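The structure's right below; bear with me while I get my questions together.
In this document, chain identifiers A, B, C and D correspond to the written order of the chains, with residue numbering beginning at 1 in each.
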Amino acid sequence: MSNLLGKGMIDGLVVTAKNFVTSYFDGNRKDRLFTYQYPEERMKLPENSRTFPFLVYDGTPDQMRCTACKVCETECPPQCIYIVMERDANGKPLLRPRVFDIDISVCMQCGICAEVCPTNAIKMDCDFERSAHGRFETLLSHLPELLKSNDYYHQIKSAEATRVDATRKPVKKAAAPAPVKPMPTPADILTEDERSAWQRGCQSEIGTGPIVWPPPVVVKKKVAGTNTEQNVSAAPLPTGTPWHDSGIDIAARMELAKDRSLADKLMAAMAQLDCQACGYDCRGYADALASGTNSDFTLCTPGEEETKNMLEKLLKEAGKL
Amino acid sequence: MNIVFLTLSAIMVLGAVLAVTLRNLVHCLLALVVFFLGIAGHFFLLKADFLGAAQILIYIGAVAVLILFAIMLTRNISGTEGGRSSLGGAWWLGVGLASSLAGMMCVFVRRSELVTKLPYGATEEGVVKEIGKLLVTDWVVPLEIMAVLLTAALIGAVVIALEEEKKR
Amino acid sequence: MSATGIIQTQTLEVSLGPQHPSTHGVFRMDVVLDGEYVVKLKPVMGYLHRNHEQLAEKMTWLGSMPYTDRLDYFCSMTNNWAYALAVEKMTGLKVPERAEYIRVIMAELTRLLNHSCAIGFLLSDCGAWFTPVLYALREREWILDFFETVSGARMMCNYMRFGGVRVDLDDASLAMARNIVARWPAFLDEFEKLMTENEVLLARTQRVGILSRNLAINASVSGPVARASGVEYDIRKVDKYGVYDRFDFGVPVGEAGDTFDRYMIRILEMREAVKILEQALRDIPAGPFIAPEAKLRNFKVPAGDGYGRIEAPKGELGFYLVSEGGAKPYRYHVRPPSFINLTILEDMCLGQKVADTVIILGSVDIVLGEVDR
Amino acid sequence: MDAIYQLIHDYCPTMPDWLALALAILLPIAIVMGVFLTVFALLTWVERKALGRIQNRRGPNRVGPVGLFQPIADGLKLLTKEDIVPNAADKVVHFLAPVLVVVPAFMVLAVVPVAKGFIAVDLNIGVLFALAVSTASVLALFMAGWASHNKFSLLGAMRGVAQVVSYEVPMVLAAVVVLMASGSLSSVSIVEAQRGLTGWFVCKPWGLVGFVIFQLCAMAEVARTPFDLPEAESEIVAGYHTEYSGFKFALFQMGEYVAAITMGGITVTMFLGGYLGPGCDLPKFGWLISACWFFAKLGIIVVINIWARGTWPRVRVDQLLGFAWKLLLPLSLVNIVAMAVWHFAPNKLVGWVESAVLLAVAIVALVKINAGQTFEKRSYRFTS
């Protein structure tokens, strides 16, 4: 201990005095005065810094990279992403999202969506000035706001964007046909309560069963001989593609598809995300494998090992390998 | 001068009456402090600055605080427990006693020669010096007795506190 | 006045918290005071309960990783590591050597960050008007900048992955880390000069809030709190997880187990952490930063259970996981050091002054995100 | 007062006599109030700025140049804030307390000689008046704490009362030395008694000890760190003013800061030679130079206060009271003896040596007795 009582207190005074004086003669500003005077001066954000996700497009917003594969929607820990794939009049997937919403009041900026995206479509932005007056609508980002050009991506994260550009395979995508009729947004079909629950990310509050999306078109049809009307689905959803759900494992899917054609079986083995990582949509890849125009069964990235093994097994059984 | 005197006196009387009639002990104490302040004001009015300052220092700074600690040790501070009024049944007796005492005081003060001359020939400026001299000459025995008394009280307080400490 | 002549006083029940400047979050202490002495203290927790464990059981294995950041929000890196360690034990994933070194670097930097702020807040609780905290925060800025450069976020790093780490350390970031390590001893010297020998601090902390060695062991207290009471227990030495067996460092152990010891142990631990960091930054090998067989999507863990524990800055942080072989954990349990260390708060506070409870709480170093989960 | 009356009379002979008299009384009070309110506003700014720099922050820097108008912004903000009175509070007492905090603080100003020949009221018991009036703040403090009906407030108030009452004793005893040396209670005579190169009382052994005791007691009396227990924010939230908001809170702050300034003023008057300094006797601008001297010395005291606040932790309540009763009180008693020794010494040198030795022995003995078992050196072992 100090031999003189009071020395410790004097020492402390010396330290604070030194800090007081040197804060005025601070060559390297971060040695003493470490705060940034925010609106005037801004920190240079490191390239890795992440805030909220955005979607990258090449060229024009039409050429978005996203294929609506829903990998990010599945993996997102707080479940703040909502995707609806665009389909043409016949229900054929167009490999692009019609609805892509991110609720940034729920998003926790973990960046897992960007990590798991097979097409490098979703990336993390650096823009942190996202405060808004409302809690719901203003903090819900829709597709148009989410889409940012590849140039913007280069601008904020040049090294990473260059790396991505070098590894990206060009994706053949059909030019977007004019949509037949506008797809209802959740705002149109959900009740007020359900909508707010959805916006709060409380999916469990909405109805009891899983949300069927897009909603089946329902027409009223007179039942013969009576005055009653019956609800009949006008255009049933395209069948034949056992619904992929992380709850349905591959064995169950194969069971569902066991009486179907080879192409259907192959497709059931896939992740069925239409992510285009293979260069086709899932149906196209299944057809190509079944017809033998493509024999590489390892292309389904989202499906990973189990899909590869199953595809190999199915193709071997069919004698295609 | 008269206005100041009358106002001060009125405040004092009010404070004194409130101090005995209010239910809440802390309010009583605050009323008492008003009364003390009035006395100090009177001293200043009489150009007895030293006494005025001493009045504030001792009565407000010390006595009132002492009473305060005593109040804090009692249970029923807010005066809400128990139904009885703070004025007992014989309040008229108190009023009578107090007014007769006041009357007697008036008579004796009027007759006293203290009113007409400053004691011991002290000048206005030299009051403090004069008081000091008197305290260590003529009044040294009472002063010492008081000092012993206070010391004894202090030691007593320490002893009680020590017992408390031992119990812990 | 009672018959014995001793003044009988009423006790006063004060609820310190949940809104109180020094309860380090929404924590409540129901204190019964006799004068200023504490005669009874009941910690009340749960104000920040966020259903962490249940959430994790509804989420993919990877999805829980960013949530572990939010446990002890000062030390997201070590939280990540403990979780990753538990999962790696269950899957048998081998972590590449470079990743192990990166993990050590991150964990020890987290230790520096946590301890400097912990003692800063402790001194602030002593009434030092925020000066020590701001000095600690000033140095913490460097570490946070480093974390942001590497992981993309300052506090919610979400950096570790099963089988490695998410982003490699390039040369620039390594230089940044070396710079931090080089300037830290100077900061510690300044900090110690500011406070360690201050007589007021000594009077406030020495022989205040003593935790006996036996009680520390019986209550399974861990981390600096236990070591200040003379318990020689450091998981870095006991388990030698990661590559900790390769570094030469000591574990400081105190005698008295009072608040001052808990303060000093943290300072000494920081000095040891600097030693580890110097060695790790010198020896870090080249190689992959994540195991090649590690995968992100559709990650599944074979059925079974596993307990991964590390020496987090606050003590033993453990994750007990049960898997049924699916994409989600069947059971997910956290052993948070702050929570366990908090259980002995009453024993330390009894007979102390109300002002002491605050600094005793500060010396335990809790983060409510971890206590309430 | 008389000088001003004369001045008014000279320049404005037509003014009625009663008005001139009233002006002569009110003008110095107004000036002193104005000056010290400005100083108060400045002090809050200086304190925040200096604390900021000590803590590696910038301090206020948004309102006006270098944040100079921050006090005005603060005042406006507090004025416009909602005034919240707890339901269970004693409404009248709760309202009176902040007013009563400010009054004594300003009353003390009356006897502080700010410049040569400038004092609001030259009472012949000036110092006693200052000490007496400043004790009255205890009551305001207690009223605030008790009326709020909040346990933290009550704890803070009881701490405050105990603290002020305890530190009053050594403070008065430390002041006694000065009264002995100057032979007067009037603040002006005390200042005038300190003329000369080493005339300041602080330059004498008993004066130095008295100054340190007085300064420590003053810090305790106005609840400055390390004695800020009545409002120790880490323990009892905000102490006695926990339940105050808006302008009432502003009044508490004002009372506290003005009390800190006036206490500093009293310290300067008693130990640092008040307004004395080279040039203070110049015929023409003597008053200005002396005022500068006074405020410069006051500045030093204020800086010490801020510096201590930015550095030291707070003591505990039993240590606080122990410090007053076990160390400061005996020391101030010895200090009086030392003053007597000095006074009756045959010559200056002997007096110097005698009182210095006496005080040194007393300090060492008291520290030994009190701090003997308090601090211990610790060593730590490392296991590997």
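Following the convention adopted for this analysis, a contact is a pair of C-beta atoms (placed from the backbone, for glycine too) under 8 Å apart; a residue touches a chain by one contact, two chains touch by 3 or more.
Model, not experiment: these values are computed from the prediction.
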Original post:
What is the shortest path, in steps, from subunit A to subunit B when you may only step between chains that touch?
Top reply: 2
Subject >> Nearest-to-centre chain - CA centroid comparison >> reply: C
Original post:
So which chain is the furthest away from subunit B, centre to centre on CA atoms?
Top reply: A
Original post:
Given the two chain pairs A-D and C-D, which is bridged by the higher number of C-beta pairs in contact?
Top reply: C-D
Original post:
Rounded to the nearest whole Å, what is the centre-to-centre distance of subunit A and subunit D, using the mean of the C-alpha atoms as each centre?
Top reply: 65
Subject >> Separation of subunit C from subunit D, taking each centre as the mean of its C-alpha atoms, in whole Å >> reply: 43
Subject >> Separation of mean Cα positions, subunit C and subunit B [Å, integer] >> reply: 59
**OP:** Indicate the whole-number Å distance between the mean C-alpha point of subunit B and the mean C-alpha point of subunit D.
**Re:** 27
**OP:** Please set out, as single numbers or ranges, the residues of subunit D touching at least two other chains.
**Re:** 54-57, 310-312, 371, 375-376
Subject >> Residues within subunit A bordering two or more other chains >> reply: 1, 5, 9, 12, 15-16, 19, 32, 34
Original post:
Of all residues in subunit C, which are in touch with two or more distinct other chains?
Top reply: 131, 135, 138, 194-195, 198-202
Original post:
So in the complex, which bits of subunit D are touching subunit B?
Top reply: 90, 93, 123-125, 128-129, 131-133, 135-136, 138-139, 142-143, 146, 158, 161, 165, 168, 185
**OP:** In the complex, go through subunit D and note every residue touching subunit C.
**Re:** 51, 54-57, 151-152, 155, 225-226, 228-229, 232-237, 309-319, 371, 374-376, 378, 380-384
Original post:
Contact residues on subunit C for subunit D in the complex?
Top reply: 12-14, 20-22, 36, 123-131, 134-135, 138, 194-195, 198-204, 206, 232, 234, 237, 248-256, 260-261, 264-265, 268, 272, 353-356, 358
**OP:** Mind listing the subunit D positions that touch subunit A in their complex?
**Re:** 50, 53-58, 61, 307-308, 310-312, 367, 371, 375-377
**OP:** Using the touch rule from the top, collect the residues of subunit B that touch subunit D in their complex.
**Re:** 24, 26-27, 30, 33, 49-50, 53-54, 56-57, 60-62, 64-65, 68-69, 72, 124-125, 128
